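Chains here go by letter, A, B, C and D, matching the order in which they are written, and residues are numbered from 1 within each.
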Amino acid sequence: MAELSNLCLLLVILVNFFTLGSARLGACIHAVALQGAVLALLPLATHGLNGHTLLLAAGALALKGALIPWLLLRAIREVRIRREMEPLIGFVPTLVLGALATAGAFIFADRLPLIEAHQGGLFIPTSLATLFTGFLLLVSRRKALTQVVGYLVLENGIYIFGILLAEAMPLMVEAGVLLDLLVAVFVMGIVLDQINREFSTLDTEQLSALKD
Amino acid sequence: MELFARAALHLTLLLVFAPLLSGVIARTKALFAGRTGAPLLQPYFDLARLLRKESVFSRTTTWVFLAGPVAGVAVPVLAALLMPFGALPAPFAFTGDLLLFVYLFGVARFFTVAAALDTGSSFEGMGGAREVTFACLAEPTVLFCLIVLARIADSLSLSALLGPHLAAAWRTPAGLSLGLVVVCLLVVLLVENSRIPFDDPNTHLELTMVHEVMVLDHSGPPFALVLYGAALKLMVLGAPIVRLLLPVATGHWAGDALLFLAGMLLLAVLIGIVESVIARLRLVRIPQVLIGTTLLSGFALVLVLR
Amino acid sequence: MLAALILLPLALVPVALLAPWYRLRSWLLPAAGAGHLLLVLLALGHVADAAPGAWIGLDPLSRLVLLVASPLYLGCALYAVDYLEMRRERGNRTMVPCLLLFLAALTLAAMSRHLGLLWLALETTTLASAPLIYFNRNRLSIEATWKYLLICSVGIALAMLGLLFVAYAALRGGAPVSLLLTDLLAAGPVLSRPWLHAGFVLLLIGFGTKMGLAPLHAWKPDAYGEAPGLVGALMAGGLTSLAFLAVLRVMQVMTAAGALGVARPILLGLGLFSLLLAALFMMRQGDFKRMLAYSSIEHMGLLAVGVGIGGLATFGALLHLVNNALAKGCLFLSAGNIHRAFASKRLSDVRGALVALPFSGALFLTAFLAVTGTPPFGIFISEFTILRGIFDAGRLWVGLTVLVLLATVFIGMGASVLAVSQGEPTDRDLAFADRFLLVAPPLAMLLAVLLLGVYIPEPLWQLLEQARLLVEGGA
Amino acid sequence: MIWFVAGMLITVLSGVPGLLADRSGRGGERLACLLVLAGTASAGAGVLAVLASGTPALLAGPWAVPGGELALRLDPLAAVFLLPLCLVVGGGAVYGLGYWPQRAHSGNGRRFRFFYGLLAASMMLVLAADNSLLFLFAWEVMAVAAFFLVTTEQEKAEARRAGFIYLVSAHAGALALFALFALLARQTGTLHFPAAASLAGGGATLLFLLGLFGFGFKAGLMPLHIWLPIAHAAAPSHASALLSGIVLKTGIYGLLRLTSFFTEIPPWWGWSVLALGAVSGILGVALALAQHDLKRLLAYHSVENIGIIAMGIGLALLGRSYGSPALTLLGLAGALLHVINHGLFKSLLFFSAGAVVHATGSREIDHYGGLLRRQPWTAACFLGGAVAICGLPPFNGFVSEWLIYLAAFDTMRGSTLTLRLAVLAAPALALIGGLALACFVKVFGVAFLGEPRSAAAAAVDHDAAPSMRGPMLALLLACAWIGLLPGMLAPLLQEAAGVWAPLPRVTGLAAPLAPLPLVGAVGWVLLLYLAALGWWLHRRSRNAPRDVPTWGCGYAAPTPRMQYTASSFADFLVGQFRVGLWTERHGGRVTGLFPAPRAFSSHTPDAVLDRALLPGFRTLARSCSWLRARVQNGRVPTYLLYVAMTLLVLLVVAAR
């Protein structure tokens, strides 16, 4: 089963790079949806079929794969933005940084001692790499929507790590992750809505009036 | 009882012979200038005349205007009690009286200048400003000299400072310092008594005056007090110099008194000569000279401190 | 009993949503606050320390935080009544439920013995306070809300990862995987170091963001600047204390694991950096509410320094937690009044508050003196205790640095506060006058700080000491 | 002790009932004044009782704060500071009735009296505290209360500026004391003050430096005097009197307490204090000479007198380092006596200055003139104070300076050349004395003598009110009393010195202080002479014509504007101090044969504050706001970048 999970994780990393590289918001969101779907597979792939993993997978699929992407797509349809115009850091540099971050993630992961069961898995590096990717998106993009996407990616990274502990950890915290993600994105959605109403744009450049 | 006797002797010497000194000075200058000059007793005549006269007061003045002359006389009389006249020890001596001596003259200065300012005339103000400036610059010199003497005598009382040990001290390495001290004290004496080269007691251009211009408005008895006070001051401040130069004692009080008077007269002559041969300094140069004197006295101190 | 503490506000939320009358809705807040305070006092008296397995329960730390947060909340709630009365145009349909939810989450966070639960509660407070910041419904407030939300969410997400790391540390160490505080403390020695250290860093950043330690503070000036005074008071007094509690929980784990050697320097560094940044950025701060935000950063820094040094300094830091919460409450509430009265928070527009608003102005000025550690106020005692701790620990240069920075803070803050409170008022006919409920709560808080400055009640003293032992592991 | 504590409590509460009284009624202020008088009287009685008993009174009680303890200690050293405090505080309260009546100052009168009581009581506590925390507590309360007194007229920008600078300096100093006492506690293990001469001096360098900074800031030693001139100028005169007369001395007290803790004193302590004292003395008086604002001038004289006191302390410290009891005794006795004296005559001067300002409504010396005719009482009191502060016999200032002189001379007996060099303090003192004399002749002459220089001065129609006159006369008498009967204070000084330094116990008066009565005697004789001569001259010139104008050397139409002004009087002397004062001169250059009218004005700003500190702070603040604008740039991505960076850095740190 380990191959399958590693395959999924590689896929996740590829999606990371895609989100970093693509200029088109819609594509980004679809990619993140895909990533969510893949992540839904992971628990099953690692811990086999049981109630807990099924629930987890279902939750992930519903939230990360379907609901949130749908919300975001709706949002961009409303404000009619298609592309991420001139990011703070260009696409190529972002990609390079992403590559570096991923490499760093692998190096850092090596320093962390694993239990036998997880030896040779790509979980730790992938989750860290995804985390860093999320950060890169948050730091390098202007559009509020893209930043939400970045936040999603970041959460995905954490989720990947969570799967490692899926059976060791009580259900509640897992639910916590998903629930919190849901609520957070909901509130962000509302705020985005308000921003849109106030500024009629989601460009965070507008959102830098408060400074010293 | 014996104290009163000594005090009485001191005061008589002071009160009686002080005006004579200015007479001697004037006479010396006259001789140098090839004139006959006024009689030696002229100052007494002046005082008598002034005391007989009636005085006139500006409507601006207040009681402070009188305080000046009063302090000008009272202070030297009191200070004389702390100062040994030649070999005659001071009637009133205790540790630290030398500072009292210095500060008493501060009192006199304070009230003289205040009296000058009381008239509200800018000339008097100008004179006062110059007076206090010179005094400020002379003050450290006096202290340096006193320290040197105190260091040599290892005591803090004027009588001990100017004690019989001086005769021996001249021949020790400290003699050099003593010499410097004498010079410095002489300078101070000239400044304090507003003598040439620092001030001209009988100039006639107010703008160049220092002391005289402060007393322009005084007349009659107050003015008599001013003149008398100046004479007393000259004698009291001259006493230490005389003692330093003639540190000898005859052993009998009358002899000592005469010796002291002789010394004072010589000093007056000396002053007269100085006034005759030296031209008056420009005002702006005076501070430089005084600061130079301070350095000189400081040097004297360093010599004895090591 | 403890459940009641959480359920009481929650139960009032639907009421608030359904109740048709404006004033009633406003008065729900003091009701909840008073009931809460009552229950807290009862609980402090009667409820024993939590059983090992319990998910929620009390221990000295949670008692301390509840003791601070509950009165603060009551004060702000009373203030809110008149405030909402004054701002009828804004309505209170969102404000009141959010405040109630905030209280519930706050209580839960204070009492949770399970790091996951604590984390969840903290996140809830974030979400509940977001609408409060947005109360004024204008571009600036939405911007502040957005920043607050995004940065805190990222932080809290990192904290989540930190939790997972700690759990994995237990897994690796062969201990039962659980985020129950008691289990973690028990498993302390076997926790796998690399995981634990990384987890500590992540947790510190997560909770530090909420606390507002520099350089994770960026949201603070905007949020405090734009939120209404009472929200600022609740956040600067309550939320930060809560976040600090979370940090202390983590410190407990580190102590149990004997990893203080790693934890303390990091905390100390963050603390000093916060002090430095606050000190520099308070200079010539043209907006007095933002200035208060920096002051809050400064005091968070002091707390961090205190715990980072340990020993007496920790005791001082805990005392400082109490004092700071109350003083900040007074400062923010009075600042809110001045802001209302002059309809501006720029120093250029606000002058002579002492004349225009005798009470609020005096409160503001006095609270400034209190918060900068001037006797007879409590912060003087706690700051001095922290300093003694620092010097006793032999950290001479740390101590001197802190002193220099405190002096700088005083200069910067003093310039602004005096400019606001003294002088001739810019406009004499203000649409605003001091109302009882707008002045009494801050006054009460100030008096409390004053009391703590001249007399620390024996029970509080014991509580602080026990809490210190909890953090320091009885060392 | 009970009396003292009671007095303290009464004083602190004195202003409270007034707060409840109505804005314009007189009841509040009268009651406050009565309470202050009662409080100070009771406290003073307590102090005297302690002195009479001969053993220090202790009081210890619990105080429920970390390290806190209500420990009070009354010993002769504290008494030296407490006695003038009681006198000046009481006098100031009475003076306030006439100078700051509630009717005229309904806005700030009540606040003022509240903080006045608070300030007085906190100072009593500072001087009696025997526990570091209690000391700091009282110290800071004192600072805050003084701040509110300075900003009484907070509607004036000048007062606000002064208050802010004062508050900042006070806080900076206090923070240094935080460190000082924390380190001290680390050494002794408790916050209770260690017993005298119980600590080894070794390793106390930092302690001493911190103390010098913290206490020096309060005392106003150069260059830490920055807050002093503006604060004294801005405060109401009786507050200035309290500030200058008493508050500054708490700094001196702290320095003395601190140095009393150590067994052996490194020589450089004494040298540094002596040097700082000399610098403060000379520069202080020189700056004072250059001022033309009456209260600012008096404030600079406080710097000068603090310098003189510091010189005494420095000599005493040297005496301890080099093991010369006589030097220690003389230096400390001089310093302590000057503490008392300065408290008295500086308050007297500020009171009379206040009366003048009250009458003319201006602080510019050049706007006065001829006030002696219009305000004879005030003039007499000011003259007395002036003579005293110049250190002239027969007033008290001379006695203390005389002691310090003796100490300076005593160093000549020292074994090493280095110690002997300390004798240079004497010429420095002489220079200070000369300059002070010049300065006060200027002030008295320009303000009270001559013709009125402004319409306001000419229009002055009332002398100080009786309620103001009373305290002034009381202080004048006190000055004369100490000057004429200095022997009476010698035992107190000796005991205080004994508290401070381990001196050999001598029964009766120690030899170095023995001549004190003689000094007084000379003072009597001087008074006698002056009286006799004065009386004679007065009789002699009673019926002399007094209606002629001053002789203008031929100039027919002199006007008051032609009188020598304060600046012109000082100009010649100030010119000698060009370096160090950097007086700014504007205009005045006359050119051409028929020059047009010219204006000349000169101003001497504070060398440290206006030329160094403020510009420095401005640059700092500017760079800070620049940095802030970069860091806090309002972009969420940047902020998140900070988070990411922190994460990386901390991970690296933790991974080590």
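What we mean here is this: a residue touches a chain if its C-beta (ideal position, glycine included) is under 8 Å from a C-beta of that chain, and two chains touch if they have at least 3 such contacts.
Since the model is a prediction, treat every value here as computed from it, not as a measurement.
Q: Just to be sure I understand: going only through chains that touch, what's the smallest number of steps from chain A to chain B?
A: 2
Q: If you average all the Cα positions, which chain's own average lands nearest?
A: D
Q: Could you quickly compare B-D and C-D and let me know which has more C-beta contacts?
A: Pair with more contacting C-beta pairs, B-D versus C-D: B-D.
Q: Compared with chain D, which chain's mean CA position is the farthest off?
A: The chain lying farthest from chain D is A.
Q: Just curious, how far off is chain D from chain B if you go by their C-alpha centres, in Å?
A: Centre separation, chain B to chain D: 36 Å.
Q: Where the CA atoms of chain C average out and where those of chain D average out, how many Å apart are those spots?
A: 43
Q: For chain B and chain C, what's the span in angstrom between their mean Cα positions?
A: Computed from C-alpha means, the inter-chain centre distance equals 78 Å.
Q: Which whole number of Å gives the spacing of the CA centres of chain A and chain C?
A: Taking the average C-alpha coordinate of chain A and of chain C, the gap between them is 31 Å.
Q: In chain A, what residues contact two or more other chains?
A: Correct list: 111, 135, 138, 147, 204, 207-210, 212.
Q: Touching at least two other chains at once: which residues of chain D meet that condition?
A: Residues 625, 628, 632, 634, 636, 638, 640, 651, 655 of chain D each touch two or more of the other chains.
Q: Could you say which residues in chain B touch two or more other chains, in rising order?
A: none
Q: Going by the touch rule stated at the top, which chains touch which?
A: Final set of chain pairs in contact is A-C, A-D, B-D, C-D.
Q: List the residues on chain C that touch chain D in their complex, please.
A: 146-147, 150-151, 154-155, 158, 194, 197-198, 200-202, 204-205, 209, 215-216, 218-219, 221-222, 262, 265-266, 269, 277, 280-281, 283-284, 312, 315-316, 319, 352, 354, 369, 372, 374-376, 380-381, 383-385, 387-388, 390-392, 396, 399-400, 403, 406-407, 410-411, 414-415, 418, 422-424, 453-458, 461
Q: Please give the residue numbers of chain D that touch chain C in the complex, ascending.
A: Contact set of chain D toward chain C: 63-68, 133, 136-137, 140-141, 143-144, 151, 154-155, 157, 160, 163-164, 167-168, 171-172, 175-176, 178-179, 182-183, 185-186, 206, 617, 620-622, 624-625, 627-628, 631-632, 634, 636, 638-640, 642-643, 645-647, 650-651, 653-655.
Q: Tell me, which parts of chain A touch chain C in their complex?
A: Within the complex, chain A touches chain C at residues 111-115, 131, 135, 138, 144, 147, 151, 154-155, 157-158, 161-162, 164-165, 168-170, 172-173, 176-177, 180, 183-184, 187-188, 191, 194-195, 198-199, 204, 207-210, 212.
Q: Within the complex, which stretch of chain C touches chain A?
A: 116, 119-120, 123, 127, 130, 134, 138-140, 142-147, 149-150, 153-154, 156-157, 160-161, 163-165, 167-168, 171-172, 177-179, 192, 194-195, 198, 221-222, 225-226, 281, 285, 290
Q: Mind pulling up the chain B residues that touch chain D in the complex?
A: Listed in rising order, the residues are 54-64, 66-67, 69-71, 73-75, 77-78, 81-82, 92, 94-97, 99-100, 102-104, 106-107, 109-110, 113-114, 116-126, 128-130, 132-133, 135-137, 139-140, 142-144, 147, 150-151, 154, 156, 206, 216-217, 220-222, 225, 287, 294, 298, 301, 305-306.
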